[in-house]
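Same chain, two partners: chain A is paired with chain B first, then with chain C.
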Partner chain A sequence: MKKKYAYITLAILIVAFLGYQSVYFKKLNVVKEAKKENFNFKAYADSIYYKGILKSKKNIYLNDLIALVQANPETAFKNHGNRLGIGNSAYFMIKSTGKILDIKDGIYTIADEKNGIVYIDTKYIFGNAIRDASGLVKLTDFKTNAEFNKVSESLNDIIRNEVLPEEIKKVKIGDSISFSGAIKLSKKQNLFKDIIITPSQIKLQ
Partner chain B sequence: MNISLNHPLIKKSQSLIALFILCLFISLLSDKFMTSTNLWNVLRQISVNVCISVGMTLVVLMAGIDLSVGSILGLTAAICAGLLKNGLVFESMNLFVGFTVLGAILAAMLIGMALGLFNGWVITKFAIPPFVATLAMLTIARGLTMLYTEGIPISNLGPEFEFIGSGWILGIPVPVWISLIMVLIVVFLTNKTTFGRFIYAIGGNERAAFLSGISINKIKLTVYGIAGMMAAVGGVLVTSRLNSAQPNAGMSYELDSIAAVVIGGTSLSGGVGTVTGTVIGAVIIGVLNNGLVLLDVSPFWQQVVKGIVILLAVIIDKMNQKNK
Partner chain C sequence: MKVKQFSLILLTLVFVFGCSSNDKSEKPKIAVVVSTLNNPWFVMLAESAAKNAEKLGYEAKIFDSQNNPAVESDNFENLISSGYDAILLNPTDSDGSISNVLKAKTAGIPVFCMDREINADDAATSQILSDNYSGCVSIGIEFVKELKEKGNYVEILGLVGDNNTWARSGGFHSVVDKFPNLKMVAQQSGNFDRNKAMEVLETIMQANPDIDAVFCGNDAMAMGAFQALQSAGKAYKVKIFGFDGAGDVIEKIREKKIVATGMQFPVVMAQTAAQYADEYFKGRRIFPQRVPVEVELVNAANIKDY
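For the complex of A and B:
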């Protein structure tokens, strides 16, 4: 009988020890606050934009990309496209040059030297175009889709509020500019007219 | 000394001889095979299958089968990663329960065991064939994994957890140590305990075992529970190795596991087989996988070759039974 109690006591001690080593309790609001402080989306997006997107040498010339998509869409998408799913569309980071023909509601109409008319939308910088086209942010690095999308928000904020205002100030209709940004293309796309670019940078030439 | 192919020693060492020939064959065709880096990598890879397969061996020894181990692995891996990363949240009580690495692993093992026990309960309570009961669990666990993860991997689980899958202790990969401990425990269970003898007795002749007073349902429950727990250990190894729980982790692992058991000489009819045989079977599967990759064989052909090897193992098993 004594042996039995000794076994039960030992089992309880082991379970208690393992339990103590296994879990810990905290107030939920404290954990939430700590998490907010732990991950600084702005700092992360700053690093992605200034150290990644801005310095990237992977941006392809728009005319080269269009030629490649027309000739061999599989290779173009594989080598230059970035996408999260398995659909036919992908985002690309492009660069090009052109002359500003018109500026209306933040939309710059550009006479691209090699691609005809393209549009740069400096007003509505929303969505995930920049994040996804850059290929620098992985979904698996984030716990939830909401957090993943916050990176897009922060990147868009940087471009909308920090980068473009300074650059836009310097340009006017008739100026020649160089620009880079994100576009979305489909493998089944035949027409490459009226391309709208979500800008990552605009420079007066 | 004249030793024929029917000599008991040869028969007993069939899988070991097959492994030796396989290694020899691959090392002749690829100079990368016999490098220490590759061999450690093979051992690290097979650790997962070894863990699942030793649990499966107990089930097969009882003339059962467990098709759910891959899905249980996936679910427990996801839960382990989820608890480690997100803990448990009780909004109404303003309470956060965090899990240490040990806690997350223990929780995964308990859940694996619970799922295995559920398999055992369904099989014994409703007299449902193990094939059907565990097939149902395969689907249930996979669905639960998708629900829990929302189809998205749970990543960045920290260096402590990653160490389990990628670390080294005394020059040997940690997963190899873990699988070795699991093997030793199950070898002890099968060879040195009455529980082990009961498993063989049930597999050999369930009716006779029942008449001799063995509590068959209890043994079956325990064995399926162990198989579920072993799958969970495999899940911990996979997750820690990738430092990420993938929603589709463990997909078709049950097949590799059954293959290892059969190649290792355990009879699908039950009652005959050893855990050490299964370990050799798992090594053969691992070496075969590695060899086919090194030899640049197409993944489609790899599946064909693996299938043929399993078929051969079953045919040899049947022939051995016939000869007896």
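For the complex of A and C:
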């Protein structure tokens, strides 16, 4: 009889041990956080920036873009602009060259060789300008808008914190530079003064 | 006997097929299910959706979910059993509404979400959404510039279960949090409701009398914040920022009593959703899962355009 109880106790202990080893509990917020962090946005944005944006051959010269928008806005928006969904504006990835006339509060005033005065804003690198102008990230690649927007935040962080500080250290007022970046144009727009560029790269010439 | 049996079968067939052909000759019915009709912005969204559906030749009816996923669920059950053919939905909750959308999908009814996103990319046929994040990035930049990068501020959030609330807050903070001298002294939900926002701000100001700005997740709450600040005699000292592009806030921007808002386009979203339903009835089956609709910053510099 005692032997029987011993067997039952042993069986219960084995089942309890296996049960304990096979099931574990975690706080729901820890699981949710882990799920959120599963995708490495920084690594993804690094690859978009260094392998995509910097190597892209699609950047259009700013003067060519303005001439095209003035002559044939439909073609300009269709071939060079990127608008996700519905709206009057689109983002374009441009390149140009010019001389630095002034630097004030992160805004570089540039005498662009072919476009007059343009501004490079190194301070407010936020939002989806770079991501959308690049045309390299699709909305359908991400399950929610929140994830899609995180790509922009990582991309902006790379440019604002890693790339530009190194590049602007080397330039000063009077220097000639080449630059590339995103601009937003509206279909309703017919004036092309005071163009503000969200930079992706600034290089001393 | 055989003649009697044959007549009975014939009668049954006539009844069954007669009813079915009768059904098909009726106009397809479109249900517009809206989160609340207690806010003029959503009234406009719902009415525009219904009007556009009617313009396209369909019968349309508006259902109010009273900001309650349970009411929304009842609405879905009613309209599925009532034989609606498509649903234009403004969801109450980004997670809570998924099961309702899936119920409709199982019943073969396409659902087109308007303005509010649900956290699933395989439930709704398409989601037509304001680009809240980008709109609030622009507001965030305006906010930083207006406050000259320093000051204490309050954020009044919308409904905590709504994705738009967090998309707006996320866009705003993606900018403002990079400026360490801007300090958020309180962040509380005002449920997208004018009166609630007024009460919330009044309570916050008792503990934090020296604030420089308030960012509100929608214009109804911006108007509530304005009322609270006016009662406290601080309407001209504290800068208010909203989101929606509501008529009363546009007027306040013109009067320089509110600094800025993000102009959404509910009519465009409603029109697109109705258009998609029409295309679905005509055989189209592939739709983009999410269609962002641009939000425009409205401030003193461009108010003449609105």
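Note that the second predicted complex is superposed on the first by the 170 of 205 C-alpha atoms of A that agree within 3 Å, B and C clash if a C-alpha of one lies under 4 Å from a C-alpha of the other, contacts with A are read in each partner's own complex, and residues count from 1 in each chain.
The criterion applied here is as follows: contacts are C-beta pairs under 8 Å (C-beta built on N, C-alpha and C of every residue); 3 or more make two chains touch, one makes a residue touch a chain.
Everything quoted here is computed from the prediction, not taken from an experiment.
In the superposition on chain A, A:89 makes contact with chain C only, while chain B stays out of contact range. Once chain A of one complex is fitted onto chain A of the other, the partner contacts of A:126 are limited to chain C, with no touch recorded for chain B. In the superposition on chain A, A:146 makes contact with chain C only, not with chain B. Legend: residue contacts after superposition of the two complexes on their common chain; A:78 is shown touching neither chain B nor chain C. In the superposition on chain A, A:172 contacts neither chain B nor chain C.
Of the residues of chain A, those at positions 139-140, 143, 145 touch chain B in one of the two structures and chain C in the other. If you check the complex, the residues on chain A that touch chain B are 18, 21-31, 139-141, 143, 145. Those residues of chain A whose C-beta lies close enough to touch chain C in the complex are 83-89, 124, 126-128, 139-140, 143-146, 149, 153. Those residues of chain C whose C-beta lies close enough to touch chain A in the complex are 117, 119, 121, 128-129, 131, 133-134, 137-138, 140-141, 144, 163, 166-167, 170-171, 174-175, 178, 265, 268, 272, 288-294. For chain B in complex with chain A, the touching residues are 85-87, 89-91, 93-100, 102-104, 106-107, 152-156, 244.
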